[in-house]
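Quick heads-up: structures coming right below.
First chain A sits with chain B, and in the next complex the same chain sits with chain C.
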Partner chain A sequence: MRKQFILTAAAAALLANGAWAARGDDGHVNILYWQAASILNPYLSGGTKDIESSSLIIEPLGRYDENGNLVAWLAEEIPTVANGGVAEDLTSITWTLKQGIKWSDGTDFTADDVVFTAEYCMDPNGGCQQETKFADVDTIEALDPHTVKITFTVPKPFPYGPFTGGESPIIQKAQFLDCMGPNAPTCTEANFGPHGTGPFRVTEFRANDVISMEANPNYRDPNKPAFASLTFKGGGDAASAARAVLETGEFDYAWNLQIDPSILSSMAEAGKGTVVSAFGTGVERMMVNLTNPAADLGEARSTVEGGPHPFLTDANVRRALSLAIDRVTLSEVGYGDAGKPTCNVLPAPAIYASTANDECLVQNVDLANQLLDEAGWMPGSDGVREKDGVRLSILYQTSTNAVRQDTQALVKQWWGDIGVETELRNIDAAVFFGGDQSSPDTFQKFYADIEMYTNLFNGTDPEAYMNNWTCDEIPSPANNWLGNNMPRYCNPAYDDLSVQLSKTAAIEDRAVIAKQMNDMLMQEGAMIPLVHRGRVSAHINTLGGIKLNTWDSELWNAADWHRVK
Partner chain B sequence: MSDTGLVNPESPWGEVWVKFKSHKGALIGGTIFISIILLVLLGPMFWDVDPQRLNIREKNQGISFAHPMGTDQLGRDTFAQVLAGGRVSLAVGFTAMLLSLVLGALIGVLAGYFKWLDGLLMRSTDLFLALPLLPLLLVITMLYRDTLRAAFGPETGIFLLIVFVIGITSWMQTARIVRGDVLAIKEREFVQAAKSVGTGSSRIITRHVLPNILSPIMVSATLGIANAIITESALSFLGLGFPSDFPTWGRLLNDATAFITLSPERVIWPGLAISLTVLSVNYLGDGLRDALDPRQRGR
Partner chain C sequence: MLNYTLRRLFFAVPTLLVISFLIFLLLDLAPNDPTGNLPMTIPPEVREKIRISLGLDQAIHIRYIKWLEQFFVSEPLHVLEQWFNISIGDSESRVRVQSWATRSPAFDLIAERMPQTLWVVGMSYVVGILIALPIGVISAYRQYSWFDQVGSFISMVGFSVPTFFTGVLMIVVFSVKLEWLPSIYDTTLEVVDLDSFWLQFKQMIMPVMVLGLFNAAQLSRFMRASMLDNLNQDYVRTARAKGIREKSVVLLHVLRNSLSPVVTVLALGIPTVFGGAIITEQIFRVNGLGQLLIIGIQGADIPLVQTLTFIFAILIVLFNLIADVLYGVLDPRIRYE
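For the complex of A and B:
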């Protein structure tokens, strides 16, 4: 009986998945982004909302699926060395385009459009926001109407910069021909209503407010999309967006809901919608200052010249601080389902995730106390440990955000349990991340002992991200405090690995090196990772086909979305 | 006037008390205000829960015997936090109010009384009014935070800084009102009479002008306390005030707003404390003004 029920349910699910559905059968769908789209051309905007809204209309050759794998989109397959698409010497890549794809205006999609897209972005006068995607590109040529060859000036172990992911879609040559270089921003009609190969096309665009779309009549799959029309509404804030889907059901999908998990789950209890989360590469971590931030050092504060930190350079102290933290509680309290404890700064994709540091997953106050005892840090009269007149007193800073202040309060209590005194400081996010050279409160200047924030990388290749902690990346007055090496960590062995990574092509070998780099950072305590953070969105229960993607646009598979009946 | 008991109705302060007593609102306000102060000061003696102690297993609890006002999202006891927060908020409110009052009254009286100072002082008042408050606060905290922190420790240092910052950015209204009143009173017959018999300026100000402008000063004072409490909460919200785990009424209120649908009582407690304090201080000020105003006395 029970088995029969399951079978029936499975059959029903198959039906609902659109096996028999035709294009436009499911009516209308409403999407809510609490930041409104201002343009539909990602080459002229770095904003997530613009990239994601335009991904409904224009598409790349290859993109990342929800598991972070590259999948062919407008191409027949992803070129690799194995299938001959990437040259043995890694200096060129050849894409073969799918046959029979049409633009939404009915004309054919060809290799000329791909070549034009590259020319459009690489025009030095165009102000293209995605120029880094085309780094080291020498030439791009159309070998025939369905083959494009990209040649690089240097060997590229990861040649998938151009034309993969939501940041680098193909635009139509005929439409953008007069929009090259300085004319790019003035082409309002094209920028607000690009012709595309994607499942939808624009009917009305109101900048910074709402976009109306309808199903693309020339979309390659005649049965998709299931929705005849779509509204992409922008504005408001995360909490009201969550409410509009989960409590009132006015919208079908809401994006990026960074609010307290208990508030989010109480909204979800209304039963109208579902909160979905997926994990990318974001890690909430503490940066440990290995240089001395004492105020009396003046200009040399928190620089290598200012000397080492009075106690954080002791590896035992760093390990004890990490061990005293209960990461399970931290992720439950601050992130709910959208967070899980981690001991790595590189937790994803799975092949890069190391298991060598998992000691820290379980809080161990006794071991932490023992480590400090053995290292000679003894409790003073007020319970704070000290050695040779140096007290374990930490200034712990982060940006102003309710979840972060809760984390700070919890950590302060746990560190109190091992005899470490903590002073908390929170700084307005606009100042903290603002990078203003004259402000002492930026995360680059790091005038504190510990600081906490989240960092991540897009796509799946960690090379650029792992290069953040090489000696050259240390922020200092000499380089105007630019650089990502907040802990001021400098280890020649690490720099060697970084060079090695840039010369290695095979993904398995790259994974081994990246893991080594991660383990080196973790075991030397340059950073204390806390929570692996996910992306959180919500959809109404009658909306099916959602596969939350953290590697690419969240709307990447909107063609498969449908109404659950 | 036979019920005044111990107080001698002939003395000026006795007369003030008699007048004050007849103002029902002031009496009730005063009582509530004094009880809030006593509760906040003596409360921790009988409710000895550490306001900063976290207990994640008891988070977001409702009202119970163990937690008379419930707990917050990290399991801290709200009652203990309201008591501890009250001490800080009231201390900040009073000290900042006193500072701005002294500054405002001094500048107002000087500008109103001495014509040659008027232009200079009032233009500098305008200057202060024109200064954008938040950027100014940002700069001041940025410049002096580390110095004060080193000299007095994180909490006292920030307390002094906040009191100073609120005090020197909120005296302008008082100064303007006081100046206006002084200008009017200066021309009255009794001041002219005092001048004509050769009374010195300082004596005229203390004997004749100040008592007559006590009422606007009192009103400024009561509004000033409320203003200081609210400014402090805004500063804490921006991360410029006390450390985030240091409870004040403003911070408790700010933290609770996110949870308003989940546990509405968390907003009510600090909100009630702020409103009661401000309201009772206002009534108290109202009564004091009536009682202190020599023109209304005996009516």
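For the complex of A and C:
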């Protein structure tokens, strides 16, 4: 440690003199993720901690920068229709790889590795967790050692699924050759220490605890990374991770500090570190159940066959519920720097953000009451509105999480002000999001009136995300509840837009359609968006080069990280 | 005695089998899912395929029998092969108990973490005993003195204040305010010289003391009660009447007789040392077995949790037996025939 400290000081002095630092000059860097990495193969684990830790080692062909733009990484450039990389009919894309790139074991990186990566993930017996990245891929072939052509079965207006972003990096063929299909999980050694092209390589991997890494001697830029070694520690909780950077300075970088905003800002006052935040696509939203969740329906509960919801199908009720919520307060109380009020499920990238629904940004209890009065929902003797014997009584469920329970309590109070009775329920996240067929408490089964969680999409293209709310995606016993359309929203006009989006290539036109889809969902009240959620991380003041990226791995530019004086 | 021990060992086998089946059922029926913690961007169809690749589509009795085979056949064979550097049968295709989250053998994860748990939690147990015994003895000998009152107060506080509070309190005082000690346990640190020993010592102080004080609070009450029982016995009066020095009366006669129930309690507590300290390990980020268990539970890593809990069950059954046998050894009045 002491030697590293001296090295660090020396490097800082060099930088101060304006000299360019060489590889390894800045000593050691400590990264803290409060969820520990289990495996360094993102194809076998979709967990953020595993994807981001492995992004220090293995890299994709192209990735997103901090502004959400695609940048070439292991490729010469991003293929487009304009530069001839993408076929006119949108059914194929051809990547040209950079020359002279080597794996950390010294062998050459070639198109064969890229082809192999696709075969590895597309093997039906492998249980690959990033399979959607390779959706509609027909063939992948190496035209020459530095050219890869991907052909799709359908026209792909956004052909950047395979090999872009931290979820789809290239793994080395030689190392994973015997790890195909059912053998994938047994290759412990490869999964714990993949050879990579990235700035670091593994020296020791302790599952669910800590990864020790050193600078990759074969990294393509001879002056990078600035750090000779790196520790990626995991485990614990977000609050103590924040403390280790902001108050004690033991660690240089801490990830995803979703804790009480007031605690975080008081920690930052110690002056040792800086809190950074950035916004991606995540939106905390309420899903409105448009079908009837009544328990006496048995199997038909919360399905289209079970019939419409007794009162949430009334558009006035949905609008009133949304208007009664003070989103500014919600985001300040629960999220601080990491949240801002929103009225869209598609709030970003900027080109896709609609302004047509901004009515909900300001709480309006009077208008909400007026809407309900006009619709004939009159307060009963206990103050709860009712009509034709139906009471506005809502079961509101979400996962167990301090911020979500605060939000629930606030919303219950506001809904009380407009004569809506609310019963709150929270379910352990592993159960709620678990999708266990035998559990009645999953978010897919949705045996409640309202449920709340955050959803988002990777990268910058919203097509797959917006397709979540087509009629086909409605979860039901027939499809084993495997669907993303939680509100059970079904509108042929929306499905038409979805088809149209899949045939449109120009980004401006895609934005128009995506906005229309967002507005349709919002104005018909299938969802009640609450807070546009950002990512909050913290770094110590002596760590430079941080560009917090919500579109890709947070550690995407670790090669550029360095010590500042 | 040997007969008794063998009989007990024999009966432990069906007990453990029933326990293993109960653990398996409990974990299987719990509404938890290994894909539950994956990001929302992974669609449900892919999640279903992941479940199938983990073997979750098979019937419960098949999965149980497979686990039994892996635990009782594959793992011991693997250990034998490692020890004697030989290969028995078809060792290439033998499936060991695989953790779902890391896709690596669960026993390797356990073996990797055992040393830290034994060091930190074991040390805290030793520290706890070293603090508790003298306090218990003095408190009993000077019953209702100021020492006894203060001791009682501290052990009550120590026992009722949870470690997640004392742990964080210590971090705030010693790491944040005073900056004397690290708040995060560096598990990669290797002790090679005095400097690294000093670092290891510094990083162990807080977790060991937090746990040690908690253990001491419990044990000192036990020691005190047991001493009090004996101090009023006739043999003590006889010893004093014979003119034996007070020091010998207390330390030789009373203490030895009072220790036998305490030793039993100590033996029964040893499995919890192996079990690690879930909360303390999590707070200080010590990579022990307790932390492994909690990560396994959170990620629904069922084979790992099943294996860990079952090992704990074996240890508990074993140390119960050891405690019983020790009791007989320490107290000649007790005979198992």
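In the analysis below, the second predicted complex is superposed on the first by the 515 of 565 C-alpha atoms of A that agree within 3 Å, B and C clash if a C-alpha of one lies under 4 Å from a C-alpha of the other, contacts with A are read in each partner's own complex, and residues count from 1 in each chain.
In the analysis below, a contact is a pair of C-beta atoms (placed from the backbone, for glycine too) under 8 Å apart; a residue touches a chain by one contact, two chains touch by 3 or more.
The model shown is predicted, which means the values in this text are computed figures rather than measured ones.
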Chain A residues touched by each partner, larger count belonging to chain B or chain C: C
First (chain B), second (chain C), both or neither touched by A:233: second
Partner chain in contact with A:413 - chain B first, chain C second, else both or neither: first
First, second, both or neither for A:292, with chain B first and chain C second: neither
Contacts of A:329 with chain B and chain C, given as first, second, both or neither: first
Touching partner for A:423 - first (chain B), second (chain C), both, neither: first
Contacts of A:441 with chain B and chain C, given as first, second, both or neither: both
First, second, both or neither for A:405, with chain B first and chain C second: first
Residues of chain A that lie at the interface with chain B and also at the interface with chain C: 428, 431, 439, 441
List of chain A residues in touch with chain C within their complex: 1-2, 32, 36, 38-39, 41, 44-48, 124-132, 167, 182, 184-188, 191-192, 204, 206-210, 212, 231, 233, 235-237, 240, 243-244, 247-248, 250-251, 270, 428-436, 438-439, 441, 444, 453-458, 475, 480-484
Residue ranges of chain A touching chain B (in the complex, touch as defined): 239, 259-260, 262-263, 266, 295, 329, 333, 399-400, 402, 405-406, 408-410, 412-413, 423-428, 431, 439-441, 447
Chain A contact footprint on chain B (complex, rising order): 52-54, 56, 59-60, 73-74, 138, 142, 146-147, 150, 154, 237-240, 243-245, 255, 258-259, 261-262
For the chain C and chain A complex, residues of the former touching the latter: 31-33, 35-50, 52-54, 98-99, 101-105, 108-109, 112-113, 168, 171, 175-176, 179, 182-184, 187-188, 195, 199, 282-283, 285, 287, 291-292, 295, 298-300
